[in-house]
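Here's the structure we're looking at; comments come further down.
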Amino acid sequence: MATQKKLKMGMVGGGPGAFIGAIHRNAALMDGLIELTAGAFSGNPEKSKQAGEDLMLDPSRVYSSYDEMISKELALPESERIDIISIVTPNNVHFDPAKKALENGFHVVLDKPMTLNYDEAKELYKIIKKTDKLFCLTHTYTGYPMIKQMKQMIADGAIGEVRKVYVEYPQGWLHKLLEYENKQAEWRTDPARNGKAGCFGDIGTHAFNLAEYVAGIKVAKICADLDIKVDGRPIDDDGAVLMRFENNASGILTASQIDAGCENNLKIRVFGEKAGLEWQQEDNNTLRLRWPDKPDEIYRAGTGYLGSLANENIRTPAGHPEGYIEAFANIYRNFARCIYALRKGEEPKPEWWDFPGAEDGIRGMAFIENVLKSSASDKKWTPFEVEY
Amino acid sequence: MATQKKLKMGMVGGGPGAFIGAIHRNAALMDGLIELTAGAFSGNPEKSKQAGEDLMLDPSRVYSSYDEMISKELALPESERIDIISIVTPNNVHFDPAKKALENGFHVVLDKPMTLNYDEAKELYKIIKKTDKLFCLTHTYTGYPMIKQMKQMIADGAIGEVRKVYVEYPQGWLHKLLEYENKQAEWRTDPARNGKAGCFGDIGTHAFNLAEYVAGIKVAKICADLDIKVDGRPIDDDGAVLMRFENNASGILTASQIDAGCENNLKIRVFGEKAGLEWQQEDNNTLRLRWPDKPDEIYRAGTGYLGSLANENIRTPAGHPEGYIEAFANIYRNFARCIYALRKGEEPKPEWWDFPGAEDGIRGMAFIENVLKSSASDKKWTPFEVEY
Amino acid sequence: MATQKKLKMGMVGGGPGAFIGAIHRNAALMDGLIELTAGAFSGNPEKSKQAGEDLMLDPSRVYSSYDEMISKELALPESERIDIISIVTPNNVHFDPAKKALENGFHVVLDKPMTLNYDEAKELYKIIKKTDKLFCLTHTYTGYPMIKQMKQMIADGAIGEVRKVYVEYPQGWLHKLLEYENKQAEWRTDPARNGKAGCFGDIGTHAFNLAEYVAGIKVAKICADLDIKVDGRPIDDDGAVLMRFENNASGILTASQIDAGCENNLKIRVFGEKAGLEWQQEDNNTLRLRWPDKPDEIYRAGTGYLGSLANENIRTPAGHPEGYIEAFANIYRNFARCIYALRKGEEPKPEWWDFPGAEDGIRGMAFIENVLKSSASDKKWTPFEVEY
Amino acid sequence: MATQKKLKMGMVGGGPGAFIGAIHRNAALMDGLIELTAGAFSGNPEKSKQAGEDLMLDPSRVYSSYDEMISKELALPESERIDIISIVTPNNVHFDPAKKALENGFHVVLDKPMTLNYDEAKELYKIIKKTDKLFCLTHTYTGYPMIKQMKQMIADGAIGEVRKVYVEYPQGWLHKLLEYENKQAEWRTDPARNGKAGCFGDIGTHAFNLAEYVAGIKVAKICADLDIKVDGRPIDDDGAVLMRFENNASGILTASQIDAGCENNLKIRVFGEKAGLEWQQEDNNTLRLRWPDKPDEIYRAGTGYLGSLANENIRTPAGHPEGYIEAFANIYRNFARCIYALRKGEEPKPEWWDFPGAEDGIRGMAFIENVLKSSASDKKWTPFEVEY
């Protein structure tokens, strides 16, 4: 029968106590394009089973490991088998399941950063380039409609050539030593599970990704000053990076987890020869276009005057605030739309292809590498090096 | 086997071109507690079929009318049958499907306002009171976590006895005659499908419901001035209502669809003997507590210091903006949680029971009745009359 | 010698403990067009003397009463004599000094409201119309540059014909009984010194004046609901007024002194057929132009794209916030500029004549009269009656 | 006779076309403590004379040069002679008049930066240290009441030890080459009149001064990246500086004149071990105290709960916005209050002494020196060196 069927997803990680797994599920389910069919929610079989029960999955589709999930799903008829594997584990369990999933014919959604370290990233990048499966890295913030509008306006020349990029990501939740009380804090400050960068691996990479995505230019050299502000913590919890882009535009990137009282107000401002654009997560449905000689303009999500990139990433008319989960859902929705289109032999719209992937991943890992190198160096500038 | 199964939902309305049906689906699906199983999406069988195909439903569960849906679903084994009927049609198709759904043993989610007119509302109210099925009316704005926090703080005495309520709902989308271009505008300004109030039926009722919900007091008398600002429109598109509550608190309610350039920034402020509280939809994750003699306090969604009512209605930590769809989803989630609990023979938490229902519905319809009466009267005050 | 000399001002009231007198002095002095030369700062001769000393005035120009000030100043040679009398006393001491000052050849600046009661206002209005001296009533809020821009844009048709005016003036300082602790509260809630309206005499009149000034249309009928929210207070401390303007535009005016935690955030929004304009005192250098179908525009004080009315009322480039004292100073500056121009036999610019005067005064007093009448009436509408 | 007399001020610079001179006059006059008595408003005698006439000064007190002003004023009896010389010329005419004024017994108010270059600054610093006359440098932004509150709260330990300082000063007025059209742009981008730093001399020094003033800690080392973004401009128009303070706190300072569309929104955020504080000029009457585990608090100017430093620098109750001119006036008022107190043989309050002076001046000039040195260096860190 001709009827399209929903995409089936299996999840790796996201069991009890996890934060991001639940968000991935909200995001994947919201639009009715994907259903959660299977999962290896924890390395602990009891916990995985419990999570499967809580999520009302068929117990036969709940596994104790991603290896088991991959092998048993492959044994099912194709029409029942999962299509997508979503990986939401700590960073040390990104590379292996992603590699195996892709190599066994599953589309992959992977939480950022791409891998535990740069070597893994380079290898995974190669695997992604070889496969015909789709790979998506959830740099959530690129899913906001007004971020997409900002990107499109800059690409279309609305502000002229880019001269300046300010991006800041201030958090305060690690302003004191929480590592012994809080599961999130524990793994995110443990180099063995998180990688060698702390704050800059977790949120610095988001800021970097957002800057390059929005401004449409690549970073060429950096000057970083990372620090550990809380005694007893093994990895960076705060830092700032001066940047120069390939076109010589200047950038300032700050990220912190010790800005006490700050929540999560990622903010980006880009100034060009003619005008400037500003966006911040706390007011995510608004984009301000600053003009030097006429009134600033307030672009709003859900209005009729936005470009195609924003329009493909919104669900409600202006004034019905969408937010973080919808931004996340936009990434899943675009990913799913591409799969559906390809399945039907159709060309996905360019707006749907606009989800973060392999290049974002490898550049993010290179960012971590280069930032740590620069922060340890006496020299002002460190070239931004990346192989892919 | 003991495993819980997802609640199955059938939808009435919400076919191509509809606005609110898609939002209901996002909201119902997001949390993985409900799945969309069936639908009578349009009175036009072709359109209903098409909608079912777009939504990837089993074609055998896509119906040409709600009557057909009810009878055919009843013929299915209970384990396959839908549990919930969600009604998202224009107001003239609220009463009949809701009545039949309840009388045939389905839980009902109904878009507001309750019915086309007050007589239908009184009859439906009686039906709801008799049934053991759950009834939910989607007064979305009561689903916002910071609205729930506001309600709880007022109930707990944070601002002292309430003296003043300001509620305003400014929209501008009908600032000119759109009725011949826009499907939404068409039925919402047609008394036969929308009911005899225009703006006050559509959004005035939301504002009224929110005021009573948040302030925790009932309106006792009103003085309304409704108007038609756009020539050629048959029903009100703008108005203001002075109110006095049972405890003599004063209220000012304004609603408009002709405030050109306004989107949907529903705003409520409540002042008590000791302090004031303010919330607005454009910054829905923030609640401001105003103090006369110390710094105002900014309560934020997702933080650790909120009350149980807010805490049960949030998915992400502070700084990850949730919005309108999540507010909607909170209503569906609480509704579903109650059904699950009752199914298991457990008592639902009081926070879950906090979704709008029959009383909100009948009072909303009485509000329309009383406002129209007051607006037509030469007397200043019209008592707020309601039978239930 | 041809050199122009600064205008000399004498003040009535404004002694120790007064609030508004000091502001009048800041405002009058700031621009170097006026100097404070004389004063009858208090009915108590010792207090007046002390005030004169604190202000470093020549003791021979410090008087025990305005009668003394008028007679002794008249005895001085014209080149030494004061030009302007500024009256900043409680409302029961407005009429008599204003009358005498005008009749004796002084220009008058009078704090609002015009007089203690409507009868006095009608008489003073006649006196003003007969004299060739200038009369200014300090409805401060009309001095803000972005209020002037708003008025000019509306007059120029930027939003089309006006349909709606929202004006609100929420204060909270009288949310409890302060009358026995606070000098301001004492006289402002005493009908013998303040007049028979409390909140509506003090700030309701400001809101009314602002609405008519900005919207450029006159109120035709009103429906008021005033109340006393704090037990033991003799006059209104809270209220709301529905309005219809001459062109049938609708208005909602609220004013309160019991909105606990509110400071002084006077706010006005005007919607026309095509667009809307919003301003609020807390962000007084910004004016938002709302469009239904393109991005809203943010007009800012001190920019190069404003109209002549704003441009004549600003001192600094954009981004250097001016505020309340500058708004006050704009009224004094325009008043002084007119006097200088007339002295030189020149025609003052129309932008300078744009300070509040006799008509604002008589309409404000009529507003009090009509609001009290409406609030006491069972009928919905009371015509807005005023004689002048 | 015992009566106090107003302080008399003579101005150097501030003739036709100047921006800052008029602001100095507004600020000096507003509070009635100072009168403008004399001036050498321009090096061009005709222009100086014209300015004197416009300002309605006695023509005998209008001079063609500051040398003339100093010598002729000294020839007057002390009771008639000016007390204060206010210098508002371009930077190349700061040192000489300041030196001569102090050496001839006048109190001095000097616009920032202190001098054209660091050598002059060191010499002037020594002169100031030797004289018994008062010296004030108008780092305006330290005059805002909520900046003073911020400083006092940090000094009192409200946020714990300081870990992070963000300060940014984005302007856009030089986003294109204006140098041939605009008098301000002309001298401010001419090294001979402005000094060798452009943006960093003009506004970078303000940001630096504010950071040290508010945080109460000194910068120890810096890493600067300055740039010229507009072709054809001889000096920096944009830059960023990473900083470390003496206690190892991290700082990020950005200043730009090419951020197209930005006005003047100087912003500072300071984070300590326990909490954070934020202020920005666009909302200058608000200070936000961020807490990690309870609601943020909004401190507002003019309220009853502020500290002594804010309270001595405000004129109106909460909700009556004061702004830039009042901040400027606070500096003049504190300066004047100190002079009055000393004249009367009284000890000025510590809050009055809190105006910027010699140390701010020399550190500001050292900042320029060090920033240029760092920006030209290949090394990451340049120690912050200053002699005084």
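Chains here go by letter, A, B, C and D, matching the order in which they are written, and residues are numbered from 1 within each.
The definition used in the following text is that contacts are C-beta pairs under 8 Å (C-beta built on N, C-alpha and C of every residue); 3 or more make two chains touch, one makes a residue touch a chain.
Keep in mind the model is a prediction, meaning the values are calculated, not measured.
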item	value
Topological distance between chain A and chain D, in contact steps	1
Contact-graph distance - origin chain A, target chain C	1
Chain centre separation in whole Å, for chain D relative to chain B (CA means)	55
Centre distance in Å when chain B and chain C are each reduced to the mean of their C-alpha atoms	44
Distance between the centres, which are taken as Cα means, of chain D and chain C, whole angstrom	34
Multi-partner residues of chain B (at least 2 other chains)	173, 262, 289, 296, 300
Of chain A, residues touching chain D in the complex	159, 163-164, 166, 168, 172-173, 175-176, 223, 225, 227, 229, 238-240, 242, 244, 248, 250, 252, 254, 256, 258-262, 269, 271-276, 289-292, 296, 377-381
Residues of chain A defined as touching chain B within the complex	3-6, 19, 22-23, 25-26, 29-32, 35-36, 53, 55-56, 58-59, 171, 173, 262-265, 281-284, 300, 302, 315-326
Parts of chain D lying in touch with chain B, wherever the complex brings them together	288-289, 293-300, 303-305
